[in-house]
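Next up: the structures, one after another.
Look for subunit A in each of the two complexes below; its partner is subunit B in the first and subunit C in the second.
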Partner chain A sequence: MENILEVKDLHVSFQTYGGEVKAVRGVNFDLKKGEAIGIVGESGCGKSVTAQSIMQLLPTSVARYKSGSILFEGQNLLAKTERQMQDIRGNEIGMIFQDPMTSLNPTMKIGDQIMEGLMKHQKLSRSDAHKRAVRMMELVAVNQPEKRVNQYPHEFSGGMRQRAMIAVALACHPKILIADEPTTALDVTVQAQILELMKDLQNKLDTSIILITHDLGVVAEMVNRVIVMYAGQVVETGTVDDIFYHSKHPYTKGLLKSIPRLDMDRSRPLDPIFGTPPDLFTPPEGCPFFARCNSAMQICKNHNPLLETVNGQHQAACWMNHPMSQAAAAKESK
Partner chain B sequence: MNTNKSAVSKSTEYSKEIPLVQIRNLKKYFQVGNQVLQAVDGLDLDIYRGETVGLVGESGCGKSTAGRTILRLYEPTEGEVTFEGANVYKQSTSQLKQMRKQMQMIFQDPYASLNPRMTVEHIIGEPLDIHRIVSGKQRREKIVELLELVGLNGEHANRFAHEFSGGQRQRIGIARALALQPKFIVCDEPISALDVSIQAQVVNLLKDLQSKMGLTYLFIAHDLSMVKYISDRVLVMYLGNMVELAESDTLYREPLHPYTQALLSAVPIPDPEIERNRERIVLQGDVPSPINPPSGCVFRTRCAHAKEQCAKEKPVWKEVKPDHFTACHLYN
Partner chain C sequence: MLKYIGKRLVLAILTLWVVITVTFFLMHAIPGNPFAKEGTMPQGVYENLQRYYNLDKPLHVQYVMYLKALMRLDFGPSLKSSVITVNDYIKNGFPVSLHLGLQALAIALTFGLILGVIAALNHNKWPDYVSMIVAIVGISVPSFILATVLINFVAVEWKLLPVATWKTWKHTVLPSISLAMMPTAYIARLMRSSMLEVLGQDYIKTAKAKGLSQSVIVIKHAIRNAILPVVTVMGIVTANLVTGSFVIERIFGIPGMGEMFVKGIFNRDYPVILGSAVFYSGILIFLIFIVDISYSFIDPRIKLTGGGK
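== the complex of A and B ==
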């Protein structure tokens, strides 16, 4: 399958009074047509910055793209002008945000917010756009769509607003949908509805999805491939099975061990990851997970491991996966 | 079944005899304009010494209001709560102040619940000052001791809240709640605002403190997997009403109420194999407004098993199996 999006060696920094925050430090990944990938990690790991870089939504006054490229159908988005980006946002790449309360315009009717993109990008007339808006509302399973398009966001519940936002994002049938924590603000039963809807729409519209979340349960349910980020870097990537059953990075293993599961024995103590992520003003020279890692070695302190292929699509950035360390371990065990 | 039962009683070390907190028919209504919002509509619960009762439900189900009303941070509309046999709502101001030493609260948002203009020493010392527990050098020692208890250290005492991460702030909030050596703590979503890897640290700390100090928790949360893990018993609420109460393992193994079943089935499990083969009960629609709750059973508008009877009569709360309570017409 062809890659619809390729992120190559992306570095993004923010200029602040305190100095330069190196939020994203060399991220590589690609997205295939019709595929759903998940980016997971804790707050501050750079997952949202990566997503917003794709959409070029970061504030230009403080954000700096230090190096790298983001190729969408072969064209570098980082080289586009704001004008050109406007033709891509909402049209080719749609985005939904975490908080449906603040990301819809409270002074505009829901219908108008769906129509805005249709009229601008697809040059539809007002009445045609209105018809499409009603159809979109039906598609995202909002009852009484004719009535609902004329209402304002405050007349919608949280789950309904998120549906409306999905309708806005998908109105122009974008090739990629970026969902940044789409269900974090929602209750579990509503989350289940929204995830079901997203899966259903992905099948119907053949959209590629980048799902950004900290919830490993949501990832297990929704995506084919996972990218685990830590301190601005990709530390592990692979299929869901690779990540959940054969994880090779101590951080991923730690994350999986630290969450209690519904089907888990209560007498087993939780296994937390100690400490906190590093400060990105002065990211550590070596492996960013060094300070919290139970298996840390001398080399980890000074040298940052690169992503090494474990097998197939599965890659992990850990010295323990380095071919030479594997050989050494094999020797030792003999 | 018998083997399961013995496993349960083994894991629950709390005493069944005297409840520390008894909640009887507790109601809390709020006046909204000229309408009445029924936030908590009849809560009956005994909380025993040393146990953790989990209180779960979706936003707006009244779980936080219940927690606050139990501590009398809100005056109840109806009902009573007794703490060690004394009616919480009948205490005079000075008696209540004494009682508050025994009952504390840990809040959800570690950013909003610490005063940004106070040092950590000041924050943790405030309850000690108000109740005149210790002063001078001892006060400082006590604060350092509390900080160490929650995994921080004495050097942190002179810093301000903004200098700490979310997890550390929550530890400060816990140290403040522990300062008066309470018996009962209402934990209102204490980990919801924290990152996954930090949540486990805080939960382990809470469990550890419980066994060290013999604490009793009412643990309010919407994260069902975490609630199951930390609680001995779990109470499910929906729209201000009690839905189901059982031992934690029992509730998750065989939920009786259709709402509990749907709620559990909605939780994503971090295991792709299970997720691929899972049949999910997806509830339709949203939670109705607590201002005009549905007649009869409040869940009937979203329930797949709703009958005519459900609209007419409110289901009674009954013990369907030993120690397993629910309010549903399916079990009458």
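== the complex of A and C ==
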């Protein structure tokens, strides 16, 4: 299948009073047509910055794209002007955000907020756009769409607002939907409904999805491939199966171990990853996970491991996967 | 909505009554009397004057008489003139003050909002600094200084506009600008901070993610949400502007309402003081009511309900 989006060696920095924060440091991934991928990692690992770089929504006053490229259907988005980007945003790539309570304009009818993009990108008349807005509301399973399009966000519940937000993002049938923590602000039962809806729409509209989250449960349910980010870099990537059952990076393993399980002995304390992520003003020279890693070796301190293929699509950036350490481990176990 | 208006009307009358009562008794608590400045006056003449204006009666009787007259919208006579009543003062002065005030208001709103929006859109860049310097100067320079500077340069040196008096449209320009300076600066500052807050909201990012242009985002999404705090102060600002400014009217020789109030206090001209206070409060209450109604049109989250539910 062809790649609809390729992110190559992306570096993004923020200019702050304290200096340059290197938020994204050489991220590579691709997205195929109709595929759903998940980007996971803890707060501040650069997952949202990566997503917003694709849309170029980062504040231009502080954000700098240092190097790399983001190819959408072969065209580099980072080289596009603001005007050209406006034709891509909402039209080719849609985005939904974390908090549905604040991401809709409180003084504008829901219908008008859906129609805006349609009237701009597809040059629909007001009445045609209105019909489409009603259809979109139907599609995201909002009851009485005719009535609901004329209501304001404060008349919607949280889950309903996120549905409306999805309708806004998908109104022009974009080829890619970027969902930045779409379910984090919702309660669990509503989360499941929203995920179900997104999956359903992905099939109906043949949209590719980039799902950004720190919730591994959400990822397992939704996506084909997972990208694990840490300190602005991709540390492991592979299919859901690779990541969840055969993970090859101590950070991913740590993440999985720290999830409480229903069948776990409840008196046993949770198993967290100790420490904090490195300061991105001055990222470490070696592996960024070195200081928190239980299996850290001498080499990890000064040499940052590259992303190496484990098998098939499964890649991990850890010296433990290097042939030499594998051989040493094999010898030791004998 | 009707219920709401009815409730507000009752409240307005109550408020007015409190204003009248407090002003009435405070005013009589000021030492001196209306005829103190007339020089030596024969005791008999003084007593006749007192009796003519009912000032010899006990205070509570005067109070009731005033309230009764007010019901007929009669503000009473001016103690300083045998022919002009307070109603005449208002009838002659208010249209002039209103005209001047509305022009100043138009200037203040237009430039205040534009400056505020430009400053917010260019946060921490030179247009922001320029706007805020203008705003600080506008707030700190007293209007009588600005007025005299304007007269000196625009009218006297460059001879572009007339110096003073109130005749043609040209005569209204300088006083309008002088009067507008302060509210312009005030609105600009308010709009700037409100815009900055709104521009950081998530829905602005949503609008951008839809592919809307910066100008559409600012006009359709940001300004409407940012303007509420400005609308809130508009009632008070407007009431201040349209009821006349003593300073500006004095400098430009404008026959407005502002002078009436200040002179009334100096002369202990009781009906004039009361009349001005009642008139000003009436206008203020009316404008605040208008502001409250307009909220519900600007922000759909605000619903006007009667009965305090």
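Definition applied: the second predicted complex is superposed on the first by the 325 of 334 C-alpha atoms of A that agree within 3 Å, B and C clash if a C-alpha of one lies under 4 Å from a C-alpha of the other, contacts with A are read in each partner's own complex, and residues count from 1 in each chain.
In the analysis below, contacts are C-beta pairs under 8 Å (C-beta built on N, C-alpha and C of every residue); 3 or more make two chains touch, one makes a residue touch a chain.
What you see is a predicted model, and the numbers here were worked out from it, not measured in a lab.
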Clash or fit, subunit B versus subunit C on superposed subunit A: fit
Touched partner set for A:H154, first subunit B, second subunit C, both or neither: second
Which of subunit B and subunit C A:K120 touches, first, second, both or neither: second
Touching partner for A:P288 - first (subunit B), second (subunit C), both, neither: neither
Greater residue coverage of subunit A in the superposed arrangement, subunit B or subunit C: B
Contacts of A:S267 with subunit B and subunit C, given as first, second, both or neither: first
First, second, both or neither for A:G26, with subunit B first and subunit C second: neither
Partner chain(s) touched by A:D241 [first = subunit B, second = subunit C, both, neither]: first
Lowest inter-chain C-alpha distance for subunit C and subunit B in the superposed arrangement, angstrom: 5
Shared subunit A contacts, counted only where both subunit B and subunit C touch the same residue: none
Residue numbers on subunit A that touch subunit C, as the complex places them: 55, 57, 82-83, 85-91, 94-95, 97, 99, 102-108, 113, 116-117, 120-121, 152, 154, 165, 168-169
Subunit A partner contacts - residues on subunit B that touch it in the complex: 11, 58-59, 165, 167-168, 195-201, 203-204, 207, 222, 224-226, 228-229, 248-249, 252, 262-275, 280, 282-284, 286-287
Subunit A - residues contacting subunit B, complex: 42-43, 157-160, 187-193, 195-196, 214-221, 240-241, 244-245, 254-256, 258-264, 266-267, 269-274, 276
Subunit A contact footprint on subunit C (complex, rising order): 201-203, 205-214, 216, 220-221, 224-225, 298-301
